[in-house]
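Inspection log for the structure reproduced underneath, given as structure tokens.
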Amino acid sequence: MQSTVKPAIPAKALAGRDQNLLRLLVMLVFVFGLMTVLRPNEFATLADFNSMMRQFPEYGIMAIGISLTMITGGIDLGVVGTANLSAIFAAKFLIGAVPQGAPPEQVLPYLAAAVAIALATGLLCGAFAGLLISRFRIPAILATLGTQQLYTGIAIGITNGRPQSRLPLLYSTIGNTEFFGFFPLSFVIYCAIAVGIGLMLSRSRFGTCMYMLGTNAKAARFAGLNNASIIIRTYMVSGILSSVAGLIMMARANSAKADYGAPYTLQCVLIAVLGGIDPNGGFGKITGVTLAILILQFLSSGLNMFNNISNFYRDVIWGGVLILVLVFNRLFSIRAERRAVRRSMA
Amino acid sequence: MAASILKVVGIAKSFGGVQALKGVSLEIDAGEIHCLAGENGSGKSTLIKVISGVHEPDAGSIEIVGRRLSRLSPMEAIALGIQVIYQDFSVFPNLSVMENLALNMELMDKRALMNWGRARAIAAHAVSLIGFEVDLDERVENLSVADRQLVAICRALLHDSKLIIMDEPTSALTKKEVKALFAVIKSLQSRGISILFVSHKLDEVFEISERFTILRNGENVAAGSTEELDHRTFAFHMTGREFAEASYKSDRAPGPPVLSVKGLSQVGSYEGISFDLAQGEILGITGLLGSGRTELVETLFGISSPDSGSIEIAGREVRMRSVKDAIALGIGYVPSDRLTEGLFLPQSIERNAVIGVLGRLCNSLGLLNRRAVAELMSKWIAELSIAAKDPSLPVKTLSGGNQQKVVLARWLASELSVLILNGPTMGVDIGAKYDIHALMRELASKGLAIIIVSDDLPEVLACASRILVMRDGAFIQELEPATTTESRLGELSTGVA
Amino acid sequence: MISIRSMTRRSEPYVFAAIVALSLLIQARSGQFFTGNNLVDLARALIVPALFSIGCMLVIVSGGIDVSFTAIASLAMYVTDKTLLASGYSGSVLLAYAMSGALGLLMGALNGGLIGFLKLPTLVVTLGTGSLFTGVMYGVFAASASDVPPAIAAHGKQTLFTAVNLESGLTSNMPSQVLILVGALVLVFLLIRYTMLGRGIYAIGGDEAAAERAGFSVAWIKLFLYSFVGLLAGITGVARISMISYADPSTMLGMELTVIAAVVLGGTRVTGGLGTLTGTIFGVTLMTILANSLILIGIPTYWSRVFTGAVIIVGTGVSARQIGSARRRVRTLQKEA
Amino acid sequence: MKRSFVSVLAVALVFVLAVPLFGQSYDPMKFKSSKPQAAWKIALVPKDATNAWFVRMESGVKRYAKDTGINVFQKGPPKTDAAMQAQVIEDLIAQGVDAICVVPVDPSALEPVLGKALSKGIVVIDHEGASQQNCLYDIEAFSNEGLGQALMQVLAKSMGEKGTYTTMVGNVTNASHNEWADAGVAYQKAKYPNMTLLAAEPRVEIMDNLDTAYQRAKELFKKYPDLKGIFGTSSLSTPGTARAIEELGLKGKAFVTSVGLPNENKPYLKSGTVQAVMLWDSAEAGYAMLATAVAVLKGEKIANGINLKGKGWESMTFAPESTKVLLGKSWISITKDNVDSFGF
């Protein structure tokens, strides 16, 4: 009977997206192995791990934010602007409000308030971008290009471009805490966010809605999803994540400034894409993004150990690897399709 | 009769696991108008694609103008004089009518440069062939669907064709346009061109064709001269059943209306629409494309808002600002275009099915309860007999009928009072079609109020307990299925007696 | 006959109105907008972004997006510059254009091959190649700002005419590179209007499957398209360094997003199929005027980005709304097909 | 109850987990290396890896390596960005270098990471970062004030000590550019009463781009007909502005000066559009930074008059009331007469 339909393509070939995770893992191990072999005394050392753990969380968290927006079929180019604006508001508050020479226990509530200010700023920044995209129908790439200019512009405008330093000592002390003398606070925050967002994507109603919206916005509407609300909330989450990154940068630099980390934007898009986030929306996992972040960090720190090799080889390897992975995936899926067709004919 | 221009024998073709054609044969003589009939999913479209070189058959032979071909590419097919007007028109929405008409010709001639004067001449000639009046400079996406189809028809007429295949060319045309088209077809015939006319409308088959071939479930079931055909045998061959479906009659005592629409109007779409819908009733709405039927039901689902008039649910006037509001009021909707509006094609069957009820499948932490999802899914697979091996596969791996069942499943878990189905069995194979019909009746007999929007007249006749015919944005007649016929419905919706 | 209905559906009139409004604002604030030398200055500032936007528009029309063209332009111009410097070349500047163009073409062909024949997603491919080309320039070639060879420096001094502001006596020279822009516009106009190749680009953007069915060689058209964009980028690179006689490898990087924004602002449909040269030039003109008149308007430097950001948001928002409402009715009709 | 818990927590955090960051003063003598000289590894971190200025600096680094045989190298971030520069330093610390010489993008942003380096016993030497706390020494070609004043002197002389001028920085977020400009403006207010700073646009930014400098200069001269001078800080200000001045026909009526490289400014110096630009040779600066680091590693005492071996860096003196900031006399005024003698 007709209704005993076999799937057109066997399950294995369709698991290609998880194959992508596997390939990323292989790549990670390869880069790690290569660096370990070439720089045995420097790369695979505790000091280097500690150094890397201090470096990637700030852009890693922004990459997760961008990834979320890309899953819904958009993009958020405003992450760095949001991060710096949030940090500047927090810093302005701390500099203005905390009395000089106050003991730590008096400073602590101010710190909590500053963090809250930063997170609220991130939330509002994200909500505004989400509003532009969902209600005013501005293509995400244009809307967030605009908000990026706007947020950076406000940050420069209220600071005249000067760094906001002289923060209370306690802020960077806490911000640079290392648990067990080894795991930096920022790393712990990254892990918590990665797990939390990962769980949100795979297990929560909101996460599923994001994937569905990113796959087919029209069908999502017909299925009763509130597309505008999902988009706004997604950009709000991205904004909050950016502000967390801003707070981490503020702790690491002991100051806030309008243009910290400006080159991170494109780097984060690259991370998301290599991590398997489909730029057309609907697919991608935080595991993949995390693997991509680690690959980039290994490459970057590894290359810093070669005195005569420019940092820019990172971009070369990075771009080259991205293209190779794409080509490989493509050829693989063509082959799998052919095999599936052949099998179904037999 | 003249020698055959096309002769296919024993064509078999399967996709994945689905056997679309199981050894079909078809012969068309030169200068003949041949009708290929069959229900949706009978294999008509696949056969056309085999003939035009798009699909390579798994088995069987193709003979064109006496040449036996083992392989056929689309370009070869065109070179041999075979032209297809597909149902999806294959037009470029962003280009002008003129270009849509002229581009293929220019490409066939392997021209590298675009000569706009020549293009205009070609286009003017093409539209003159069927007396089609259109602004040649208008972008095709700004045309009505009917006009877009005419563009596609004109384009095919341009080629020096020996056989033109028309895949349900009249489904969106007015009677006047159909008449014009038939005149063109006749004139082509007089020039010795054969036409393969694909249709499931009996009237047209009678009017235009000399011979017919009927397919069902990928097999030949009947062929012969049209003169020998009557309504009863035609329907039997098409469906394989002798009026298997009795028309539906609600066995409930008519209660107060669940849904009541009063003087609903939306400028440019529909006007002055009023009707009541009671529990257990299946209301059929039929009308041509562009008659306003889709706009009407989309308004009832909160997708667009009416300009005037009122909607009452269970006696209370309601205002729906969004789909969410409509769902909260207990209205469900199965959209007409399953692929772009109904489904998330690359996502899993499971996700597609549960998207509407996610909220209920979450635990206290707001996380999805995977076991509850799996249990619900397997319940549906069993209840709706969805042929899905693994619910984690993308929904696009399912056949049309099973896909439609997945869309339906979405609504079954909700507390519905009204379910609206727009073209519920379009592109669905026959087995699944009856499954869906049976399901609708079962739901209605349990008290659900159902609206089906369809231009599949036998379907409307068989399923609805009451039929409203829509034309030019207004209801023009209410009919009882028991006392009406397909041809009467057709006349009413096209407006031509 | 051009009906009012079809006029309101296009975005060119809105962008043009915005240009006029902005011009009047600048004129009112500075009295300097409608002066010969200011217009020449703006024309000069327009050359590079406009050249980029032409290629960018073609790519978006075909349904893709390219973020690698600035990297292509930079690498092509840098390698050309260094090679000519090292060889002590002193002949015609045409060689520089030819060489940079050829290098750009090769890089574009890489994009085109991956996108056309392997059917890879355009954004991802060009992000990857963009990173690759930038990395090669800075890593392999250890690029840093450099002089330009005499041929290019001499070319940079060629001016077509000099505009004088009679009131202030200020003069501005119209650089000869503007001819390249005019040439590119004419060439691309002929390409998209009078060749099947050009119509193919539009056809692909409208419906790729239908284009394939109609007999367009989609893969080859894409290969051509991205190669052409690469060629244009390579030429733009040389035009850029010649106008300022200084080969700074970073001078064009980062322009890609503003160029894309300008193209979309000019009415090119983000999803492909629609886009005109007129609209594109309008869009890029608006962005160029905006970027180069903040001082004339009197926006303090510290707040200039806020102003730019706001204009992008408001500009694209208005245009998106206008076109959206005009298209809505048509869409319901389409839906039923 | 709750409050005391919070304060206990805070104090505990500070004392138990804290990495010493600030206020710590380090005794340079304690940084004497016990390793043999051949095992030393010294890194120089510029603001970015591609700017011509720092490419020139790298040539000094290479010369130093050749002259002394010590393992020294330059490693910069791909782009002028404080956060990225901090990451490079993190990696260098992890690799266990013995000394880090740095030209900070933003001194305050580097305090934590340089503090970490010092706490691990790594020698930290700054250049163009007089405000840096966490370093052993900061060597300056001359003080920021000195440069600002010197530039203002050049500009004032060109302008005849009267007329309107404005300042032009690479980026408004660039710390040293702002300091020079501030110093220049302060000096003008004190010394040249007939000059006025353009109130409507006191600071213009050129995004570190020559073409932008050219465009901004044109806009300025069009909008403000009285404008006579541009006080630039970025090395790209002068060539861009000078080109605009020549083209607008303002030669002899409008003037510009900034820090600058000889080759980039040669045409404008020769044509007389620009009287002079200021320079200290970044190659020599790099050489001097490395020499300072090596002196500390060797345990040599840094005192007034120390010779850092670079041209103009032969006799360094501590800035007033400072034991960290060493000032040289290495600035050079480049004019049409000496522009050909540099070879870069």
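Every chain is named by a letter (A, B, C and D) in the order it is written, and numbering of its residues begins at 1.
Just so it is clear, a contact is a pair of C-beta atoms (placed from the backbone, for glycine too) under 8 Å apart; a residue touches a chain by one contact, two chains touch by 3 or more.
As the structure is a prediction and not an experimental result, all values here were calculated from the model.
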Inset, instruction - Could you work out how many touching-chain steps separate subunit A from subunit C at minimum? - result: 1
Legend entry - Chain located farthest away, centre of subunit B as origin (C-alpha): D
Legend entry - Chain pair with more C-beta contacts, A-D versus C-D: A-D
Inset, instruction - Express in whole angstrom the distance between the two chain centres, defined as the mean CA positions of subunit C and subunit D. - result: 36
Inset, instruction - Round to the nearest whole Å and give the separation of the Cα centres of subunit A and subunit D. - result: 33
Inset, instruction - Return the distance between the CA-based centres of subunit B and subunit C, expressed in whole Å. - result: 44
Inset, instruction - Mind pulling the residue numbers of subunit B that touch at least two other chains? - result: 341
Inset, instruction - Please set out, as single numbers or ranges, the residues of subunit C touching at least two other chains. - result: 138, 142, 302
Inset, instruction - Enumerate the residues of subunit D that touch no fewer than two other chains. - result: 49, 78, 172, 205
Inset, instruction - Spell out all pairs of chains that touch, sorted by label. - result: A-B, A-C, A-D, B-C, C-D
Legend entry - List of subunit D residues in touch with subunit A within their complex: 3, 6-11, 13-14, 17-19, 21-22, 43, 49, 71, 73, 75-79, 81-84, 86-88, 90-96, 106, 108-113, 171-175, 178, 205
Inset, instruction - State the interface residues of subunit C toward subunit B in the complex, per the touch definition above. - result: 193-199, 202-203, 205-207, 209-211, 213-216, 269, 272-274, 329-330, 332-337
Legend entry - Footprint of subunit C on subunit A - complex, ascending: 77, 132, 136-139, 141-143, 145-154, 156-157, 160-161, 266, 269-270, 273, 279-280, 309-320, 322-323, 326-327, 330-331
Legend entry - For the subunit B and subunit A complex, residues of the former touching the latter: 14-18, 58, 217, 301, 303, 322-324, 326-327, 333, 335, 340-347, 351, 355-356, 358-359, 361-362, 366-368, 370, 385, 387, 389-390, 392-394, 397-399, 401-402, 410, 429-432, 435
Inset, instruction - Give every residue of subunit A touching subunit B within the complex, in rising order. - result: 1-9, 11, 14, 199, 203-205, 208-209, 211-212, 215-216, 218-226, 282-283, 340, 344-345
